[in-house]
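First the structure, which I've put down as structure tokens, then a few questions once you've had a look.
Chain nomenclature is as follows: A, B and C, assigned in order of appearance, with residue numbering initiated at 1 for each chain independently.
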Amino acid sequence: MNPLLKDIRDNPLLWLLGFVPVVFVVARLEPEAQTLLFGLSVLAIVPLAALLSHATESVAAKTGDAVGGLLNATLGNLTELVIALTALHAGQYMLVKASIAGAIVTNTLFMLGASFPLGGLKYHVQEYNRVSARVQAGLLFLATVALLVPSAVSEVDADVAAAFTRKLSVALALLLVVAYGLGLLFSLRTHRELFASAEHDEGDETPWPIGLALATLAGITVLVALVSEVFVESVQKAAEAFGMTPAFVGFIVVALVGGAAEMASAFAGARKNRLDLSVGIALGSASQIALFVAPVLVLVSYFIGPTPMDLQFWPGAVVMILIATLTASLVTNSGRSAWFVGVLLLMVYLIFAMTLYLLPPRVL
Amino acid sequence: MNPLLKDIRDNPLLWLLGFVPVVFVVARLEPEAQTLLFGLSVLAIVPLAALLSHATESVAAKTGDAVGGLLNATLGNLTELVIALTALHAGQYMLVKASIAGAIVTNTLFMLGASFPLGGLKYHVQEYNRVSARVQAGLLFLATVALLVPSAVSEVDADVAAAFTRKLSVALALLLVVAYGLGLLFSLRTHRELFASAEHDEGDETPWPIGLALATLAGITVLVALVSEVFVESVQKAAEAFGMTPAFVGFIVVALVGGAAEMASAFAGARKNRLDLSVGIALGSASQIALFVAPVLVLVSYFIGPTPMDLQFWPGAVVMILIATLTASLVTNSGRSAWFVGVLLLMVYLIFAMTLYLLPPRVL
Amino acid sequence: MNPLLKDIRDNPLLWLLGFVPVVFVVARLEPEAQTLLFGLSVLAIVPLAALLSHATESVAAKTGDAVGGLLNATLGNLTELVIALTALHAGQYMLVKASIAGAIVTNTLFMLGASFPLGGLKYHVQEYNRVSARVQAGLLFLATVALLVPSAVSEVDADVAAAFTRKLSVALALLLVVAYGLGLLFSLRTHRELFASAEHDEGDETPWPIGLALATLAGITVLVALVSEVFVESVQKAAEAFGMTPAFVGFIVVALVGGAAEMASAFAGARKNRLDLSVGIALGSASQIALFVAPVLVLVSYFIGPTPMDLQFWPGAVVMILIATLTASLVTNSGRSAWFVGVLLLMVYLIFAMTLYLLPPRVL
């Protein structure tokens, strides 16, 4: 039996794939039913993201450790990248930036924060590889500094020419991509023994044959792009209908939808006392978005967006990213966890979510 | 002999109780002698706070570990709570907020900072339970984030409706109380073995019989409330007379007066090489004020104050709380101390005190 | 053979001494050739700084550990002090402040950051004394708080009287010097055994006889002062000619020139797997500038400058110092290093350098 079909049969999450055709039909027949389209596209993106992540891992498993790690590291957040590219193409820079910031914060606070109690309620105290956590937290910290500077400088002087922010953003984007590459070189090649446990735990699901995996990768990416278009178009109207602020939608809803597949893996790892896996996915994913997805979007915006995008974020978002990174650094410093550590992370996330939910829309 | 009288005979600090009736007599005869009344009420509150803390510990000792810990944790800062409630009732929100912020900063920087050299001049290097310190520092960090957000958001947009700040403050207050409760559950029940040494050290003084303890608790609370009224009324005038800014009075003087009893215990612990006790009291007290006293004041303000109180602090106070929390986190991370560590904490405290002392009054 | 001449023969860096007379000749003959004078004075300061640092160490080696440590600790940044005094005398406060901030950031991020890969490319993982690193990071953190407060307060209220900032700056300067002195007492006397490895590694070069060392110290200091005068006068014009902002010149160029000699020692230590030496020089030098050079300049400005100098820095500089200190704290916390840790530090430094380079001049 085709392993793809077998996977679909065994994994109830993938049954949501039925919503994919529904989205396209409804989008054609009822283009004005924005709230419905928003709900359907969310339901369709989640299983597509799960398939995409499985296909990436299968290709990675076939190509050997170094190339595989590289593939995993660059395509691991393909869903987020495709959604953001669609929003970029539509000129919705506010949504793009909110979803980048939101993905960083959601991965460090919510994904990590929920993993700890999920594991901690079963296991009294859990341990994990703190070297790996430290490197990821270090990369995240670097990215936070890079995002902080353009916002801080233009805070100080509102008249700073947009040209300055744009030039600086491109330079920072290049620097972040280089740092990301050096981080991969360090963790996959020169010092891979320090990351041992986290790497070793990864081969959880049976990999698909390479042909199927590549075909799935290509096909699903196209589908995600098509569904994302519906999602991005409907999200603002739907937000209004639900009484949510655009900030809340970009920061919380998009981040949760885009990261659903990875969350499923991280939570499963925590329940199996393989916290290395959970911490690796959560912090790795956050640093990947900060050091790879965000810079790529800045650079790509010169080709596909109506105008170039810069790295200047809403100051509140920068504060949230800064706090999330600092919290993750302090928390993962000890390499041990109990349920309460996760509660602290979730509470910080809740504070941000509540603030964004209550925030009057015009502030952002 | 009555244990209460015996305690009073043995403890010179309690001889200050003689000032309690003096305060009431002077307040009746010379209601305009504000500077005198301020001095007398300070001298009267200090021994009352010491008695209150002893009574709380006695009740806690009789009721078993879990309930006792809970009692200690909720009534440990009763003096600060009563003073703040009196100020709240009088509509002096600036004083309430300054005293909350000041109590957090004074406990983390001054109480902790003075304990280290007091112990360190007798013992070369001292060790303490760093797990316990980490949990308290984590709770403090959470509270700091909660206090930071409303101020940061309203910084960004001065026109944000007060309604937003008020709604957010209530939500944050509830969240902080829940976090505080979960922290107690963690340290008193599910993972109490991690906090062993700190708990075990606590039974220092001979506990009173339960009847006497309860009666003292009730009686002294009423006395504190009555003296606080004189204190709150006289504090502003006295500050002017002494050439102090209101910020300095609320932040430094009120915090030192309210925390005098706990400081006595923390310092005694440090001199006896029981640094677990000192660190526990200092950080525990700070997190109790941030996660219990402050939220309770916000919620109670809907019933007893002239208008509801929010959690939006003067930005300078937020910066100081943030630095104090970060400093405490970094310092207690190692679980070891020598005199110089305390000097660093005291220096940071001194920087804040000097700044507030020199600050022109209208800034706050 | 005279040990001074022998040193000059053996150390190619010292051959640059030939530029010292050239500077004076050109300054007399072509006083308007600012760009040339700038380049020549840079080339002349570097070897002078190296000699100064060797002479200081020789005097220190002869006077015994405690006094020697003190000498090293106070004269170790004599070059930076002399350059800053010259700029102060010329009333160039912006340059003085930028060079203080730049020296702190350059030492913590660039000197430390380049030492790690220089050692890490030869040695897989390197270890160093983390107690010593922690004390230096603690002192740096204290200084950062002291620099943060005046800027933060005057941010909040632009109308705060300059008198307030000036009074506060003097008080902070005194406090920092006291903290610095207590830090020396701690590391050189009461707890010197904790710093063992770092101290022991220091005696690298053969010390000179005391007479020669003292004469060199005096003579070279005068020469540095004279060359600094040319440097300070030409730096602004040269910056314009090179298309650099004054912020970039003060922050990056002056800091690199002033610290060149120490960098040579730190890098040599890292290549010899003596990372204690590198970390000690980098963080020790940064905390010395923050807690000794900066306060001395504030106090001295009352006597030699046209008007007193305060400790209020450009907010961007404060953010950079804060991030640099925090990064150094987090990084040195583990006491172990590999090349990638240094890359992270260098990247943060690069972010700051790029921002300052691109920044429109009028912002600062």
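Simple rule for what comes next: a residue touches a chain if its C-beta (ideal position, glycine included) is under 8 Å from a C-beta of that chain, and two chains touch if they have at least 3 such contacts.
Model, not experiment: these values are computed from the prediction.
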Quiz item: Superposing the C-alpha atoms of subunit A on subunit C takes a rotation of how many degrees, nearest 5?
Solution: 120
Quiz item: Copies subunit A and subunit B touch; is their interface built from the same residue numbers (over half shared) or different ones?
Solution: different
Quiz item: Just curious, how far off is subunit B from subunit A if you go by their C-alpha centres, in Å?
Solution: 41
Exercise. Specify, in ascending order, the residues of subunit A that touch 2 or more different other chains.
Key: 333
Quiz item: Which bits of subunit A are touching subunit B when the two form their complex?
Solution: 124-125, 315-316, 319, 323, 327, 330-331, 333-334, 338-341, 343-344, 347-348, 350-352, 354-355, 358-360, 362-363
Quiz prompt | Footprint of subunit C on subunit A - complex, ascending | solution = 134-135, 138-139, 141-142, 145-146, 148-150, 152-153, 156-157, 160-161, 164, 167-168, 171-172, 175, 178-179, 182-183, 186, 190-191, 194, 329, 333
